[in-house]
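The structure's right below; bear with me while I get my questions together.
By letter and in written order, the chains are A, B and C; residue numbering begins at 1 in each of them.
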Amino acid sequence: MAANFKDKAAIVGIANTDFSKNSGRSETQLAAECVAAALRDAGLKPSDVDGMTTFTMDTNDEIEVARAVGIGDLSFYSRVPHGGGAGTGLIHQAVMAIASGAAEVVVCYRALNGRSGHRFSSGVSGAITTADALHWGWYTPYGLLTPASWVAMYTQRYMHITGATKDSLFEVAWTTRNHAATNPAAFFYGKTFDRAEYDAQKKIVDPLSLYDCCQESDGGSCVILTTPERARDLKQPGVLVKGVGQAAAANMESMTSFYRPEIAAIPSMDLAAQQAYAQSGLTPDDIDAAIIYDAFSSIVHWQLESWGFCKKGEAHDFIMDGSLRLDGRLPFNTHGGQLSEAYIHGVNGIVEATKLVRGTSVNQPKKTVNHALVTSGVGVPTGGAILGKM
Amino acid sequence: MTPEEKKVFMDKIHAFVGMEMAPPTKGPDDVNKAMIRHWCEVMGDANPVYTDEAFAKASSKGSIIAPPAMLQAWSLEGYPMHSPSKDEALLDNQRKLHKVFDDHGYTGVLGTNCTQEYFRDLKPGDQVIAHTVIDSISEEKATQRGIGHFIETVTRFTDQNGEKVGEMRFRVLKFIPNESNKVESAKDEGKPEVPTRIASPRGHDNAWWWQQVDKGVVPIQRCKNCQTLRHPPRSMCGECQSIEWDFIESKLEGEVFSFVELHYPKFPGYQYPLICAVISLGEGTRIVSNIVGCKPEDVKIGMKVKGKVEQVDEKTMLPQFYPA
Amino acid sequence: MSNTKTVAYKAVQVGDKLPPLEIPITSSLIVGGAIASRDFTPVHHDRAAAQAGGLPDVFMNILTSNGLMGRYVTDWAGPDATVKKIDIKLGAPNLPGFVMTITGEVKAKDDATGIVDVAVVGENNVWGMHMMGTVRVALPKEA
């Protein structure tokens, strides 16, 4: 049975802080800044907020952020685990809270000094103290220590099974960079690259090289949801949540699900897609544009297959047809993605998907965007949401 | 620093850009054979054009030359460098600039780049005069060491005729040391500890597995009730929910299911080139391990491998797989 | 051992690898190199000063790294080669007890000038990359 989520909540306010490699301010300040800016975007007062949700990985307590921004009483607060897999999980939490009446205005935020503070690329260290410490121990002694190394393991297998080549990895990275080049907020604003430059970058973990890997960024992103009824009275055109799936498929490990019969695919994203399509009654053909989580270029391939834009194993051809470009079948990561705009754990992607439906992206495709997809990080338990016009 | 303090600081440091570091400095000694020989002894540099007069004369050089990398050595102050003047008025501009940084918490200093160009060979009797200018100071950068600024100096080296004989661009990072990155200091044993691989933490559900590996055995957990094998170990059998288990010893015969070559970042304690692989074992479970004993480019998916437990560093026993 | 033979430009191909060189790092080498280069900065000869700076022992100065890089390439190129440029990026420090392995590869050739660029990396066995960069040498057309 599909969850009863369709049209129960709308995104009414969005904001990003500036993105940088050194914000020069605390993560809590970044969180407060993006929340306050999203409230202004929506035309809401801090006192209108009664629910807040963020990542378990976020260092900013909701009550700290609430106090900083001047938000009053809260009747709903929650956290979503699994790093970048949490992104659209925030939407999932907000929709459930709003549909159930637990809260009316829910703020979803993520703020981090991902470059000047703790960097994910520095790997898992010997001083791991988290609950999944024992899990990393199966990999650290061998040198499999970084997100790139875990993702490369799937990538190698995927390329072997499907015949996909670096050509389509380049096309993904190059397309995001072209979008960033015309997005003044993006780190790589004004900076394109060509194939020779891509090929000349240092290898990170073969088959991934530098431009296949996302940035590390400082910044904060926020989206605010409320009921469709209330959305009608607010400043911006509301953007409805048509469907949203959360998924941890069977036999899951965080980033290292190497024990499934086949690892050249992302079953958790299949599951998220099934839920979101079932709730919304939509099909892949109804999706006009997409924000696909792109911590690494190759993870885009698997997600395109999960969401049914092409058959399993055929993402390479789909990408090489130019489908992801602005004038293609599925304009994607129009903000530049995490590869080229900024790495705010995908919440900047929810901001961008909302803009696509509003029609206000800095790289708005020529065609009308009635429905936009946005996905969460993969390798971890994940999710995805379909947004649509009100 | 408040934004106002920051602006004052930025103005202060940027005032140094374009300044001469100090008046042109003539080396205390002309280029000479003794210092050349001392240098070559330490560097282990046996190039005969530096020290063998007869050979040098007959060579394309025509006479003894100085090793080009000595360029800067000819103009360094030498022994007085060990205790720079405490009198601020006597500090050269570079030290004054560093002091501004120090006073604002940027106490760390690290040479990051040095580019030297040599326009002609230096020969005994040549004089070397260094003219150094503070060329640029970068925007604030977040580095692994900490937040800081790169200072680039350019030194022009001229000879007794005013002719340019070489040039050096030198870049240092002045930074606020990152607490977490501070190297363990002041250990009293002479040698720093050689890093080892990052070991798995050992807890209730996995310590037994690693203890077997320490003894040279790679175990595979087996449900005592339904005999299903499982790896990595878990406290309960997902097939029958039994919590009773024992293990079998793996024969460590299998094939490569997927693999990666780790390039960057390189971690202390690991030897590169380094290959990690998911290996499908003959027993039916998979294990992540290293592939060794062959070139990285020879590793392929489907390749047959055979493993054994080896001591890979001072503290670590691990299964390692070789081409079968 | 002195190398009296010079490599001819035309005998060099892009992709040629130089023989690796292992250098045991000792206090004597570090202090000797600092003094031979007239660099009396205390961290290169005074262990207490190095420890005050956060490292466990004296560490190699940049001029010595430069000298070793130059030597490594002229050991291969021979006495008639002329070093034009040493461009070096510095990484982890070299401390007593470490062993640094230097490797090199010919990266570019310029037929007009007979100039060859050699990419050189020095990695120590404890902390990894100590130095990497390019040494540019002019070689005679024929030996």
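In this section, a contact is a pair of C-beta atoms (placed from the backbone, for glycine too) under 8 Å apart; a residue touches a chain by one contact, two chains touch by 3 or more.
All values reported here derive from a predicted model rather than from experimental measurement.
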item: Chain of greatest Cα-centre distance to subunit B; value: A
item: Middle chain, criterion being Cα centroid separation; value: B
item: Inter-chain centre distance, subunit A versus subunit B - centres from mean C-alpha coordinates, in Å; value: 34
item: Between subunit C and subunit A, distance of the C-alpha-averaged centres to the nearest whole Å; value: 46
item: Subunit B and subunit C: spacing of chain centres that average the CA atoms, whole Å; value: 14
item: Residue numbers on subunit B that touch subunit A, as the complex places them; value: 140-142, 144, 147, 197-203, 205-206, 231-232, 257-265, 267, 270, 274, 276, 278, 285-286, 288-290, 296, 301, 316, 318
item: In the complex with subunit B, residue positions of subunit C that touch it; value: 1-4, 23, 29, 32-33, 35-42, 45-46, 51, 54-57, 62-64, 66-71, 74-75, 79-80, 82-90, 95-97, 125-129, 140
item: Subunit C contact footprint on subunit B (complex, rising order); value: 35, 38-39, 41-49, 52, 55-56, 59-61, 67-70, 72-73, 76-82, 110-118, 121, 177, 182-187, 190-192, 194-195, 266, 268
item: Subunit B contact footprint on subunit A (complex, rising order); value: 21-22, 24, 115-116, 121-126, 128, 133-146, 149, 152-154, 156-157, 160, 202-207, 256, 258-259, 263
